Structures are given as structure tokens and as C-alpha cells.
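After this come two complexes, each holding chain A, first together with chain B and then together with chain C.
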Partner chain A sequence: MAKGLDAQARQGYALIAPPFLYALLILAAPLLTILTYSFLTDGYLTVVRDFTWANYVQVWTDPIVRTVMLRSLTVSALVTLVTVLLAFPVAYYVSFMVRPEKKATWLFLITIPFWTSYLIRVFLWKVILGYNGVINSSLTGLGIIDEPLTFILYNVNSIVITLAHAYAPFAILPIFVALEKIDRSLLEAGRDLGESRAMTFWRVTLPLAMPGVLAAVLIVFIPTIGDYVTPELIGGGKIPMIANLIQVQMLALDNRPLGSALAVTAMAIVALVSIVFLLINRRFLKVRS
Partner chain B sequence: MTDDRKPMIECRGVHKHYGDYHALRGIDLTIRAGEFFSLLGPSGCGKTTLLRTIAGFEDISEGAILIDQKHMEEVPANKRPTNMVFQSYAIFPHLTVAQNVAFGLRRDPRGKAEKAALVEEALAMVGLRGYGNRAAHALSGGQRQRVALARALILKPKVLLLDEPLSALDRKMREQMQVELIKLQRQVGITFVLVTHDQEEALVMSDRIAVMFEGEIAQLDGPEALYARPASRRVADFIGVMNFLPAHILGESDGVATVEAPGLGVVELPARQISRANPDDEGPTIGFRPETMTLVGPNQAHSQPRETNATIDEVVYYGDMTYYDLRLDGAAAIDGKAHTVRISMRNVFGRDVQEVGTRTRLAWSPGSLVLFR
Partner chain C sequence: MKGQGRGLQAYALLYLLFLYAPIILLPLFAFNSGTIIAFPLQGFTTDWFSQMWANATLRTALTNSLIIAVSAAILATCLGIFAARASTRFEFPGKGGMMGFILLPMVLPEIIVAMSLLVVLLGAGVQLSILTVIVGHVLICMPYAIAILTTAFSSLDKSLEEAAYDLGETRWSAFRLVTLPLVMPGIISSLLISFTISLDEFIIAFFLAGNQPTLPTYIFSQLRFPKQIPMIMALGTVLVALSIVLLALGEYFRRRGNARMGGNPTGGFL
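Here is the complex of A and B:
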């Protein structure tokens, strides 16, 4: 028996070995490199192999880094909030209102934005929101406004709008899956036990959809905090987020140790936030079985 | 016996359409207060739809539903004096047992301690004392059902609706729960309306049963009447086992029909043994239950007025009883068909189960026959 298990285990290891090696190569190796760089000294265009804490000291004390880091956190928190709040009704509608045979079509339609490249979608938002963009020219053309609206381009609002749109499917799908898993008789039971539709939603649907909502939060929050393209294009380069700062250090200034320290710090912060959400989610997931 | 009790649920000409599909076709029904009432029928007969219209989960297309003499057509499910035990039990997986049971008490003005005592009392009533802090998802099927019962009964509804509550349980558990439900119903005195496709379950538990086919009530009677005097061949076929033989009506006077059936000869049947609701259009048919006839040995005496010779075609042994499929002598001579009938005999120690091919005698009485015409 034990021998049989051993053979099975060996077979299992053999099966996972190729993807494991692949993951090690493309994930762990670069991470380790970055981690090593962050403790080395910058020698202008080269990296000097002297151990130092200086990069981290600079990252954690520099007011510019702090501002940008906080902005990144705020923007991704806002994007996450907006995305999930907008995604929930869509997921709810598809799960509860759309007839079962039409659901696949709806999900298919929701993924349509993915058919074009992220870069092109971001650029299209620039066309829509711009100073002479679709919105402004139509509104001025119709005589509704005299001067182009300025609060929709090159600021945090426009970044939030663009990112919220880009990540909407990522938020809709996990929430949809969580809603689909809810036994519909539970909602009838809620009504049967004297609760209105709204209270049944609050006491039954929402708690049971929470694992999906928290998954959506993580899926949106983690990539948006490191987003580089949108702040660059939509923000006009005037409101850099942490990824832009890293890019500048790594490539423009060729200060790899400092860039690496920035990257590691950003990663640590994201990891911390994620762990908090995972812990919350475990509470909700525990009730499922 | 139950006629003096006031009506609790009244359905008047209830119709329900789903698009082109006519699910309920004019249901007229009165369920009395304190009754254990069953809606029995095959799947798709509309029994669950009827239950759901009473609960308020489905609107009716036509007609009226009254609960405790109040019209319910405009009353939403959450305001009706009914509670339901769902087929899947619908236990909230994110709540504990106690939170599940207390779910409907949110608006109750009583204090926390008082509610906790109520919950404990309701759990004790269904045999789950001390289970309050368990997670709902850790319960077995039988326990889930008890939680569902406690959760509904704690609200003291006028009517408890049960949608195939026992179908997910294994046989032993089901039989145990049947008895428990009867006891519980007597104890709380609430009107129970049970939906089931299991005729045995309906017979065991109910005061009265409505048998439904295709959105209509085919017969509404007590269990004994339903079993002994089915209103139509279809009802007879659905409730238990019944043998059918084609009948030839020789004459009829003063309500008494003179009938000839293959293997049974000529019998006279009084009006109470004649069912005139025979919508299946199969022609006149004689029916009888397997246990109403007995096999007797070659020289064995019996007290039945009639006997018929037969050959044993098949023996099905059930432990406590045996089914014998018989070919009646002379039956084939009438129309060339074999006309096998099924007879059940209680197995008694000292009497051997008979073998296939044995010639035997069948003792019976015309009083156990029913004529469908």
C-alpha cells in the first residue's frame, strides 16, 4: 500500500515537474534578482556588489515616493470600489434576471472588451475623454457646455474611469459565479420567513455572494496598483503611480537598486493588503462545503 | 369526523398558465383547519405548483385562494400566514442552526433572551436540543430537515407547507420521519399540507388526500376510501397495486351491474362498487387489489364465496410477503390474451412459498371487486 502510494507520488511529482521548473524560471528567478538588486549599491550605469540598506531607507523616507505610493493605493482602492460596485449589479442581473439559456451569450458579450489590446482600449478612452474628445466636442457642439470639461482628463478621475472599464469583466465573473452558486430556494426561504426582497438580499444573497465580491476586489486591486500604461497615457504623465516611478528609476535613471527596492516595497504592501482580504474571505468560505 | 372544522385554505377555480402550458386547470379545494392534507400525483401533475401558489411564490392566472377566510391573491409570500419546508430544506449555509431557526424572528418584538429560549424550545421539539451552535453545513440530511421544520414552526404559521420533504432521505429515515411528522402535527395542531409523489407516504400520513393528474384533482378522499374505492382506473393504478381485467357488461338494473370478466365468471356488482369516472377510455374494466384474494391448497377449506383455478406464473419473494403472478383458468379462452393477475400473500411460518408452475386455487369474493366503466 505504502509502496503504491510512493509510486503514485513519484508519478505526481514527475507530472508537475515541467510547469514547476517553468514557474521557477520565469517567476522565482526574476523575483530573486530584484530582491538581490534592492540590497546592492548603485554605481551609476552599473550595480556595485556592496550590501546596503540605503535603498530602502531612501524609499521609506522620500516624500515623493510616499506621495506616489499613497496615490497608487488610493487610485487602486477607488478603482476597486467603482469596479466592484458597478460589476455587482451586472453580475446580479445576468445571474438572476437573464434566462438560463441566454447566460452564456451575456458572459460572452461581457468579455468583448478583451478582444482588443489593453493599450488600444486605454488610448480609446483618451479619445473619448480628451480636451477635444468625443464627450467634450459633443457637449460643446450641442451647446450644453461652453468650454471643454477638464475634470475628465489628465487626472485621477480619468484614470479611475479607464481602469474600472478595463477590469470590469474580472470583477463581474467571480461575482457572477458566486451568485450562480446560491440555491434559489434559499431566497424563497428568506421571503417565506417574512422578509421583503430587499431584506432577503441583505440577509441571504449578499453574505453568500461575499466570497465572489472579495475575489473580485483582489483581482482588481492587485493589478491596478502596479498599472503603468493608464497613468502614462490617460494621466498624461503628470500623475505618476508607483509603476511609473519604478520605470523611471530602472530605465530612465538606470538606478536598478533603488528601482528594485521600490518594487519590493510595493509588492510587500500589496501582499499585506491581499493577506488581509484572504483572511476575511476565509471566514466567508468556511461556511461553504 | 373532520367536517365540523372550519376551512383553512380554499382554492376556488384556480388556474395557472405558464405561457402555453396549462399547469393548474380549475382547482377547487377546501382544506380544513388542523388537517394533515396531502397533494399526491406523479411529477408534472401540478401539485408543487399548487403548493407554491398557496405559499405565494407563484401568482395564479385565474380564480381565488383564501387562507383563513382572507383573500391571498394580492398578498406577497412574506406576508402570508404560511411557512414552508422546502424539498432541498433551504438551510442558510452561512448561519448556525440557531441563527437559521431564529431567521424569521427578526421583527419579533420580544427580547434576545426570550428569542433564544424560543429557539431552544423549537429545536427540542424536533429532537435537536443543544444543536444551536452547530454550523448548518455540518448537518446530515435528516438534521437539516428538522432544522427546516423548527425554523418554520417557531413562527406559529396557520399552515405549514411541506414540499416533498422526505424524498431526499433514505428509507429507514423516511419511515421514522413520517411517524414523527404525524406526531408533531398532532402536537402543534397546525394545518399541514404535504406534496408527495409517494402514494405510501400519503396514505400513512394524511387525513385526506387529493390525487392530481395533469393539473386537475382526480379524487379527493381519506386514505381508506382512496385505496378501497378509487374513483377512476388511473387513480387505482397510481395508489398501490391493482389488477385490471377487461369486463363485459351483460346487464344493469336498479344500479346493480351484471358483469363477466375473464377467469372470474359472471358477478353482480352493486352501485357502490361501480366507478363511473373512467376517462381513460379503456372500456369497462374489473379491478381488484392483490391482497383481497387468497391462494388455497388443493384440499384446504376457505370461507370465500367464489373460487377460480389458476397456474402460478411467477413468484416474487419479499420476506414478509410474496407476490404471485397467476394465469386464471379460462381467461385466455375469452380473447386469447393471458390476463395475468398479481396476488399477495403474507408469509407464515410453516407454510411454504409455492413454486412456479404449480396448479392452485384462488379464493375470492365479489365484494372486493371494483368496476370501472
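Here is the complex of A and C:
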């Protein structure tokens, strides 16, 4: 039996080797390289092999970096909040109200916009929200407002709206999967025991859906914090987020060590947030089992 | 219960409208004769489409994008088959960690992937070209391919392969004659999704293509010039139509695969 297991493990390793080695070479090696770079000194057009903490000191003390980092975190947190709150009722509707044979069609409809040209979608939000964009021109045309609404013009708000649109399916799908897993008889039990519908939702459905909600939070939060296109197109480069700062340091200013330190710091913050959420999630999973 | 359902349904439909708002606007502006992208619309024209058709740089960008997307889709799906087969059929120590690492690009911000890869490539003196973009795209398409293929492989009945062994087939011929045809819908679906992801991917193409244009980087460069925007809207309309067709095909094959294995037709791309 032991020999059989060995053979099985050997075959498993042989099969997983090509994709794993590819990821090792194309992902792990570059990530280790920027980790190393982040401790080295910047020279003119080269990287000097002298160990230093200076890059990290600069990342944590430079007011510009701090502003941009805080802005990225705020934007990501806002986008996550808006996306998940807006998505939950839709996931709930598809899981609880839509007939089983129609569910796949609903999910398909929800995912289609996500796969269509990201750049053009972002640009169109600029058109929708802009100075004489769709919203402002129709509202002025209808005589509801005299001056264009300024709170949606090329600022953090418009970045949040655009990103909330871009990551909507990411939030709906995990919540939907969690809701689908809920045993419907639990809800009946709650109702039979005299809970109101709202209380049943609050005390049974919501806690059981939490793993999905937390997964949605992570899936939206992590890519949005590293978004490059939206600040560039919507903010016109005037409201940079961390991705734009990394790019400027790495390429335009050719300061690879500082750019690497920025990237590593951003990843560390993302990892920290993820770990916190995974720990919260563990609590909810315990409740379930 | 009925009243609550109505409210939720109205909300869900409004939400769909929010999701589709940009896509609905796209053809409106693509066929609008006005040169400024704003309301009110001017008149009907197909000039932007013919302008797009005649654009030489755009053709180069399209050719590059197609080469990249086809190569990335094939390579990512091949690597994905290995990973999906390993994770569904075999047990070995460290499997979870290895699979987690391969799936990591799905959650890693793309700018980090692009920047770290760029630094290494520049450091190694590699000439940036569409080849380097393919290398990057395979990495980010692979997790999606694996997600689709794992579903296909896990709904496979193990006893079918064992029957083939008993009937004298070798490991490879059983895989080719029994397993492969059964997971074929999953493979096609994975190819289509990887192709779509690669065709639309901007960040990696932007940093790793050197001076070679791809469709998204070309679009990005043109968005700065107001004069070019109607043409970009026409291009966007074509791309959206194309990706809807590809996705519908992918969904069709996924459902057919599920039906063939007796699975239920729920679930999505992610």
C-alpha cells in the first residue's frame, strides 16, 4: 500500500511539475528579485549592490507616498464596501428567487460586461460622468439642475463608481455560491420557531452567507488597490494611486529599488488585510460546522 | 413573500442596467456622426467603421493581439490540463500549497506581476516583444484555465478509465481515447476564456510589449486624442460583439460538457 501511495504521489508531482515550474520561474523569481532590489541602493542607470533600509524609510516617511498609499486604501475600501453592499441583494435574488433553470442565464448575464474591453468601459464611465456627459447633460436638459454636478467629475468619487462597476461580478459570484450552499430547511426551521422573516435573515441567512461576503471583500479589495488604468484615465493622471506611483518610480524615474520597496510595501499591506479577513472567515466557518 | 420578491427583482434589473450602461452607450456613439462623445446625438454614420478598417497601425495591433491571444490560450490550457489532472486525480504532500501558488496570479494585482517581470527581463537583457507578452499572459490565464478544467476533470467518472485499463489500453491511450473526449468541452471553454482574457489584457501588454502595439495598448494611446475617439468607439463595438459571441460559445460548451457528465447546469465562469 505504501508503495502504491508513493507511485501515486510521484505521478502527481510529475503532472503538476510543468505548471508549477512555470509559475516558479515567471512569478516567484521576479517577486524575489524585487524583494532583493528593495534592499539595494539606486545608482545612475544601475542598481548598486549595497544593502540599505533607506528605501523603506523613504516609503514610510515621504508625505507624497503616504498620501497616495492612504488614497489607494481609501478608494479600495470604498469600492469594496459599495460593490459588496450593492451586490448582495442581487446574489440573494438570483439564489433565492430565480427558478433553478434560469440561474445559469442570470449569472451569464452578470458576467458578460466583465469580459468586455476594460479600457473602453473605464473610458465610457468618464463619458457618462463627465462635464457634459450623459448624466449631466440629461439632467440639465430636463431642467433638473442648472450647473453640472461637480461631485462626479474626474475625482475620487468617479474612480470609485468606475471600479465598483468593473468588479461587480467578482462580488456577486462568491456571495451567490455561499447562498446556494445554505440548507433551505434551516430557514424554515427558523420561521417555525417563531422568528420573523427579518430576524431569520439576520440570524440564519447572513451568518451562513458571511464566508461568501468575506471572499467577495478580498476578491474586490486586492485587485482594486493595484488598479492602474482607472486613475490614469478618469483622474487624468492627477489623482495617482499606488500602482501609478510604482510605475513612475520603476520606469520614468528609473529608481528600481524605491519602486520595488513601494511594490513590496503595497503587497505587504494587501497580505495583512487578507490575513485579517481570513481569520474572521475562520470564525464564521467554525459556526457553520 | 411576493411583494419582497418584486422589490428585489426590480433592484436586480436596475443593477443589470448599471452593469450594461457603458455597453449600451458604445454602439450609440460608434454610429453617431458627431465628433464629440456627448449627447445629444447628431446623425447616423458608418464612417468610423471604415476609418477603423483603413487604419494600418490598428491592423498591426490586431495581428499582434491575435498572435498573443492564440499562443497564450493554447499554452495556458495545456499547462492547465496538467494542473487540473494532478489536482483532481492524485493525492500528494504539498498539493494544496502548490496549487495555491499556481492560482496566485488570480488575486495578485497585475501591476505587481507586470513590474516584477519587467525588472527581471530588463535585468537579463531580454528584448521586449510580443513574445514577452505571451510569457506574461500565460501566467495570468493559467489560473482561469485551471478553474474551468478542474470542474471538467472532477466530474469525470474514474471507473471509465479503469474500464479502459481493464480492456487493455495503456495509461496514455486511455487518457487520449476516454478522458480527453469527455473533458473536451472544458478544454474548448478554457481556450475561449483564456483567449478573451489575453485579448483584453492591458497592463502586462503595456509594459512588456516594448514598442509593439497590441489592441488594448493601441486603444489606450488613442484615448488621449479626442479626434480618434469615435473610431475607438467603433472598434469597441466590434470587440464587445466579438467577446459576447466567444463567451456565449464558451458557455455553450461548458453547459454541454456538464450535461454530458450529468451535472447540473449552474455555476459561472469564475
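By our rule, the second predicted complex is superposed on the first by the 285 of 289 C-alpha atoms of A that agree within 3 Å, B and C clash if a C-alpha of one lies under 4 Å from a C-alpha of the other, contacts with A are read in each partner's own complex, and residues count from 1 in each chain.
Basically, contacts are C-beta pairs under 8 Å (C-beta built on N, C-alpha and C of every residue); 3 or more make two chains touch, one makes a residue touch a chain.
These figures come from a predicted structure and were not determined experimentally.
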* Is A:109 contacted by the first partner chain B, the second partner chain C, both or neither? -> second
* Structure fact -> Max touched-residue count on chain A (chain B vs chain C) belongs to chain C
* Mind working out whether A:183 is in touch with chain B, chain C, both or neither, as first, second, both or neither? => first
* Between chain B (first) and chain C (second), which does A:207 come into contact with in this model arrangement: first, second, both, or neither? -> first
* To do: For A:66, select first, second, both or neither according to whether it touches chain B, chain C, the two together, or no partner.
  => neither
* Now for A:49: first (chain B), second (chain C), both, or neither, which partner does it touch? -> neither
* To do: Kindly classify A:226 by the partners it touches after superposition: chain B alone (first), chain C alone (second), both, or neither?
  => second
* chain B versus chain C as contact partner of A:192, first or second or both or neither -> first
* Parts of chain A lying in touch with chain B, wherever the complex brings them together -> 183, 185-186, 188-196, 199, 203-204, 207-208, 284, 286-289
* **For the chain B and chain A complex, residues of the former touching the latter** => 55-57, 76-79, 82-84, 86-88, 90, 92-95, 103-104, 106-107, 135-138, 151-152, 155
* Structure fact -> Within the complex, chain A is touched by chain C residues 4-5, 8-9, 11-12, 15-16, 18-23, 25-26, 29, 37-40, 79-80, 82-83, 85-87, 89-93, 95, 98-99, 101-102, 104-105, 107-113, 115-120, 123, 135-136, 138-139, 142, 146, 196-197, 200, 202-203, 207, 216, 219-220, 223, 232-233, 236, 239-240, 243-244, 247, 251, 255, 264-270
* Structure fact -> Seen from chain A, its contact residues with chain C in the complex are 5, 8-9, 11-13, 15-20, 22-24, 26-31, 33-34, 37, 86, 89-90, 92-94, 97, 100-101, 103-104, 107-113, 115-121, 123-125, 127-128, 130, 132-134, 137-138, 141, 165, 168-170, 173, 180, 197, 218-219, 222-223, 225-229, 233, 243, 246-247, 250-251, 256, 259-260, 263, 266-267, 270
